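What follows is chain A paired twice: with chain B in the first complex and chain C in the second.
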Partner chain A sequence: MLVLLFILFGGLAIGCAINVVAQRNPLYCAISLIGVFMSLACLYLMLAAPFIAAVQVIVYAGAIMVLVVFVIMLLNVEQEERRKIRMGFLLPAAIALAAALIAEVTFILASVDSEPLQVSDLGLTRSIGPALFTQYLLPFEITSILLLMAIVGAMTLARRTRELSTGARVIPGAQVLALSEIDPTTSHEEPGTIESHTTSEAAQVLGITDLRNQTRRE
Partner chain B sequence: MDQVLDIILRFVAITVVFVVVLLIVAYTVLAERRILGFIQGRLGPNRVGYGGFLQPFADLLKFILKEDIVPDKSTRFIYFLAPVVTTMAAMMTMIVYPFGPEVKLPVIGEIQLVVARFDVALLYVLGITSLGVYGIALAGWSSNNKYSLMGGLRSSAQMISYELALGLSLIGPIMLAGTLDLGQIVEVQSRWHGTGWLILFAPLSFITYLIAAIAETNRVPFDLPEAETELVAGFHTEYSAMKFALFFLAEYINMFTVSMLATTLFLGGWNVPFADVVFGRGTFLFALVSVIGFLVKVMFFLFLYIWIRGTLPRFRFDQLMNFGWKFLLPLALVSIFITATLIFSKVI
Partner chain C sequence: MEPRLSWYLALSALLFTIGVVGVIIKRNVIAMFMCIELMLNAVNLTFVAFASFFQDVTGQLFVFIVMTVAAAEAAVGLGIIIAMFRNRESLDVDDASILKL
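Right, the complex of A and B next:
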């Protein structure tokens, strides 16, 4: 029974993995990758690690791949054209790596005894939780800080600076402008207005740098 | 032999649960139309059968007989896949909810009123729920229609945003019960003659969950993905006949499962107050009353959904995002903090 299920999900994982590489439409590749993750989750479940299986589905299939699909849809990525492989040295390298992998698998199959392991409760939530917060506390906290740094970094990179937006135009002459038109950092929720005659005056009133003028001077 | 028998029993259990839930879902649609009619001062469907009792079947027949139109420039494979994914993700979570306590039957022996009981049931629910977004996103993309695409994108953004608040609001009850097994969470709530409901200890989590769940199922006032005044019908604009019916079905099944989760986590699951005093634990009557109690609680939530739909207007998209990230998420974190403090100071 277990063997049948293993063959089913293992085969599914390999088939989907091949499909990820073979498909030309990026969305089909992404969907195949979701298939790989789901089959892997089923394999974890059969290895008596339900927690890892659930986390695999939640994190990879439910969060990361949603983002990937979202981006593919948003950017409307077109089908890739089939190109000839230019870098010829990749082929021998691939063959060498595949040979190494096969050698490893044979070594493991030959040397490690094939006695089935005792079913332990290692994969259960009740044993993972305490271990994570006692024995592996330091790695756990370091990983958390790493993730926090990634979030802060992403926000810093994506944050809009206080510079005059490139689309900002003030026609010479007195006029009243919506703040959000000139200053990109103000959101649409605070609809303030300023009165100005020129673009540089608007920038001065707001206290933001007028990048367009700087580049012109240079 | 035992294994084969077990598998057959599981199949029977799954079939029974699916048929019962689908029937309830069909009548939820009817109830929604009648109650909305009442709220808006009109009648609603009342012609087919007594008081519109056969309306769901008439609707089903109509969905099957309608012409199935497929847009010419759609991405065929994904276009067909999307409704299947949505419905499957909605249906798969049904199996983990305990409908009632263990019951002794004369011939079969002792049975549990749950299809599958396992260690990480709650995580399983979260995982499968998070897969539901694919169906909607892919439907929007593959239809090759700008309204569909906008609906799909909105829906993905909304579901990703509110999934966080939803997941965080579940942590309160998990901490209080000390387990992810839904069966055990219900058992925890059966103290004090079945009145130890977790809503008493984590009311803030309950409110957060309720709001996030409405957004997660794309219902009013969070039904931006299918805002008919702006997007025709959103992600399922190009779907007709039975494929549309599948999306429709998935929405109502999602409503039902979300209500079941709220009942199980916060309202004591199948626990009916003082039923064990009146009938005694383990008797057949006790189990019957418990199952009815569970269904009544779930139906209360379904009614609440319909009531909200009849009462509240729709959000604007930026309001929706601000509400999710700037209000609901901090609220969920605060509720975790309060619950943790209460547990740590041994108040609970």
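Right, the complex of A and C next:
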């Protein structure tokens, strides 16, 4: 019975994984990848790890893949076009090496044998929690810092980077700005800087009357 | 007959190999990203299999942390992909061959 389940979910995982590589449309890749994640979650259940199986479904199939699908939708990804295979003479060598690898794996499967899985409450949340919050507390906290860094990094990377928006030519506050930064008509060689506390004050010093309606500096 | 440890290891090796092949032959950045996720999952399967067969909870904690790292990687990686698409109007890795976003 368990062997049948293993063959079913393992075959499903391998089939979906091959489909991830073979598909040309990234959205179909993503859906196949969700299939891989779900069948792996079923395998985790067979390995008596229900907590990891639940986290697999929630975090991977839920959060990460939703993010990927969002990005695919957002970016209007087109299909990959076919391209002719370069270095086709290496194909027989690759097939031979793959056959050798499969033969090795089959040999290992046939010769090495381990103990069958014992029944235990190892994978339950009740046994994972104490280990996570006592012995492995430091890695857990470091992981939280990693997530914080990832949030900041993702926001910094995905933000539209413009030097100054049209509405904020001079930022209020005690800032020293280059003259060319405020008045685009002045030449860049001019070394003058001004100190201002508000936008209107800076405009007064510079003698600029209409800050807002100036064309944006390119 | 029940599934043995070596079966799970062989399955995990196969999934990892498929992921490596995908990273090599794919040219779309998002597809390459998904193949990396596939490789991470193959490694997770090894961890869980060893943890269950050797009766040690450490492997499952490793999987927990690997998943967190994968989530962080997804956020940062997709941010990089969006920035790259914004600057190049393309997701082909061959278009991003210079080290400049």
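Observations on the model:
The criterion applied here is as follows: the second predicted complex is superposed on the first by the 126 of 218 C-alpha atoms of A that agree within 3 Å, B and C clash if a C-alpha of one lies under 4 Å from a C-alpha of the other, contacts with A are read in each partner's own complex, and residues count from 1 in each chain.
Here is the rule we go by: a contact is a pair of C-beta atoms (placed from the backbone, for glycine too) under 8 Å apart; a residue touches a chain by one contact, two chains touch by 3 or more.
What you are looking at is a predicted structure, and each value in this text was computed from that prediction instead of being measured.
By the touch criterion defined above, A:Met73 reaches chain B but does not reach chain C. Of the two partners chain B and chain C, more residues of chain A are touched by C.
In the superposition on chain A, A:Ala61 contacts chain B only, with no contact to chain C. Contacts of A:Ala154 after superposition: chain C is touched, whereas chain B is not reached. Of the two partner chains placed by superposition, chain B and chain C are both touched by A:Phe51. Applying the stated contact rule after C-alpha superposition, one finds that A:Leu12 touches neither chain B nor chain C.
The residues of chain A shared by its contacts with chain B and with chain C are 51, 55, 63, 67, 74.
Against chain B, in their complex, chain A makes its touches with residues 1, 27-28, 31, 34, 41, 50-51, 53-55, 57-58, 61-63, 66-67, 69-70, 73-74, 124-126, 188.
Across the interface of their complex, chain A is touched by residues 1-8, 10-11, 13-15, 17-19, 21-22, 25-28, 30-31, 33-35, 37-38, 41, 44-45, 48-49, 51-53, 55-58, 60-61, 63-65, 67-76, 78-83, 85-86, 91 of chain C.
Residues 2-3, 6, 10, 13-14, 17-18, 20-21, 26, 29-30, 33, 36-37, 40, 43-44, 46-49, 51-52, 55-56, 59-60, 63-64, 67-68, 71-72, 74-75, 77, 80, 83, 101, 105, 108-109, 112-118, 120, 122-123, 127-128, 131-132, 136, 139-140, 143, 146-147, 149-151, 153-158, 160 of chain A touch chain C in their complex. Note for the complex: chain B touches chain A at residues 3, 75, 77-78, 81, 118-120, 123-124, 126-128, 130-131, 133-134, 137-138, 140-141, 149, 152-153, 156-157, 160, 163, 179-180, 318.
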